[in-house]
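The structure's right below; bear with me while I get my questions together.
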Amino acid sequence: MAVIKEYYTVKLHDTDAAGVLFFANQFRIVHDVYEQFLIRIGCSFRERFTVGDFHIPIVHAEADFLQPLQVGDTIEITLSVSEVGNSSFTLAYQLIDLDGWVVGNVETVHVTTDPASKSKIDLPDGFREKIQEFIEESD
Amino acid sequence: MAVIKEYYTVKLHDTDAAGVLFFANQFRIVHDVYEQFLIRIGCSFRERFTVGDFHIPIVHAEADFLQPLQVGDTIEITLSVSEVGNSSFTLAYQLIDLDGWVVGNVETVHVTTDPASKSKIDLPDGFREKIQEFIEESD
Amino acid sequence: MAVIKEYYTVKLHDTDAAGVLFFANQFRIVHDVYEQFLIRIGCSFRERFTVGDFHIPIVHAEADFLQPLQVGDTIEITLSVSEVGNSSFTLAYQLIDLDGWVVGNVETVHVTTDPASKSKIDLPDGFREKIQEFIEESD
Amino acid sequence: MAVIKEYYTVKLHDTDAAGVLFFANQFRIVHDVYEQFLIRIGCSFRERFTVGDFHIPIVHAEADFLQPLQVGDTIEITLSVSEVGNSSFTLAYQLIDLDGWVVGNVETVHVTTDPASKSKIDLPDGFREKIQEFIEESD
């Protein structure tokens, strides 16, 4: 099963006065990897805004924060597709430190919607295929 | 049961090129109300950093995004305590538009830890009482 | 000369591991007051995106950071118009603590541009008048 | 004269509903390169917080925004030291698109201060030497 892997080094602006990563930034950081995923399956955000035949809003997100992360910490972030439904798909992210410990994880649920009516639509065929091809790729 | 209510108007920097609130910012925005909560129960972040006898990291957070929010939209954010455990407490937030529709919600789980060992400790008595008093307040 | 005044309390997410306001956030925070200014002169961002007959990008910004700000600090932010040119206007912001000391300031230079060609255009007459009326208002 | 060069791809969260990079994020993004600079001269933020014999707050920052940047745009960011004074140093950053056009620039002025008194101190000798060595390096 295919996985995207990116390295990220925690920046000063990711942290807060408690000295560690501000929790909301964990969601922001994994979204960068989601943008890589969209590019990899041939469907960048830029194209999404131009073509605009469907939208992909996030309808649910959740995360666990297992270890505090400090400025300068480098982590590996992995993205995999954990579920594909009729009109939605779910992505799972792991944040792994350089010793191999999982220090956090995130899940995001995305639905496809009609840009005009904003109501849910089935995953467009071409898009579903691209996700399926990604899943079946070997790394 | 006590509830904190704050109004918030979506700022340009909260949105992204898709024209709506960037999902991670929903977590950031409700944390501002959590900071109000800490002040209201007499336990501000400033004090936390100074006294430092225990920490309160967030170990889990999740959110639903029910309606897209645009720059200039004003919402009411409510905070309530949904659970108090031995070494943790859970806060529930609702984002409500001016017509009374729930447009989003968030849940955050906080644990109390020892600053030195980073391991979980029971909610300190004084802190537990403050949370309990808040819950029992009438608005 | 008219001035907009807003109070702001520094949030945890505004700070970084150095314990004080992360410098870029001072620019973000004063932009919230600029959004108030646009609403006050009858020209909100929402309307800008809908009508879209001209854009108002920021072409220059600068700031002084005179005193470190910590989580929980409340400041007053003032906005005034410091210059109106042919195709640009300049806003000046002061950040003032509750004892009346100026702890920071920001200046932003805005130009009006044609949405299609992206090139500078003269301030549209109606917009120029709204800015002028604001300047001449007494508080 | 030594220059640090980093590539950066504009993320969705860097943009706003106007469809382009939110101006304050240009300051945030170049700070990431400053963090690289501190590591390169052997003086990371992590070390700064631990050793803590002097602080390096930013006292002034300014930027020009020459071309709008969109999600997915990749730019090169260069950092160079433009001035070293008794108790301050100034860094200059350029944002250059892949065709070689300068699309933005930033300048940040940093002073060295005593952690206890918060007053300005001369650049500590070891720190001044590290900056000087960086300047004299060939790329």
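Per-chain residue numbering starts at 1, and chain names A, B, C and D are given in the order in which the chains are listed.
Definition applied: a residue touches a chain if its C-beta (ideal position, glycine included) is under 8 Å from a C-beta of that chain, and two chains touch if they have at least 3 such contacts.
Here the structure is a predicted model, which is why all the values come from computation and not from measurement.
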Revision key, fill the gap. In terms of CA centroids, furthest away from subunit D sits chain B
Revision key, fill the gap. Comparing B-C with B-D, the busier interface by C-beta pairs is B-C
Point to revise | Between subunit B and subunit D, centroid-to-centroid distance (C-alpha), Å | key: 33
Revision key, fill the gap. Averaging C-alpha coordinates per chain, one finds the centres of subunit A and subunit B separated by a number of Å equal to 23
Review point. In whole angstrom, what separates the CA-based centres of subunit B and subunit C?
Key: 28
Revision key, fill the gap. Contacts with two or more other chains occur in subunit D at residues 12-13, 17-20, 22, 24, 28, 31, 45, 49, 70-71
Point to revise | In the complex, subunit A residues that touch subunit B | key: 17-18, 20, 22-25, 27-28, 31, 45, 49, 55, 57-66, 68, 108, 118
Revision key, fill the gap. Subunit C residues touching subunit A in their complex are 12-13, 15-20, 22, 24, 70-71
Revision key, fill the gap. Note: in the complex, subunit A contacts subunit D through residues 11-13, 19, 28, 31-32, 35, 39, 44-46, 49, 70-72
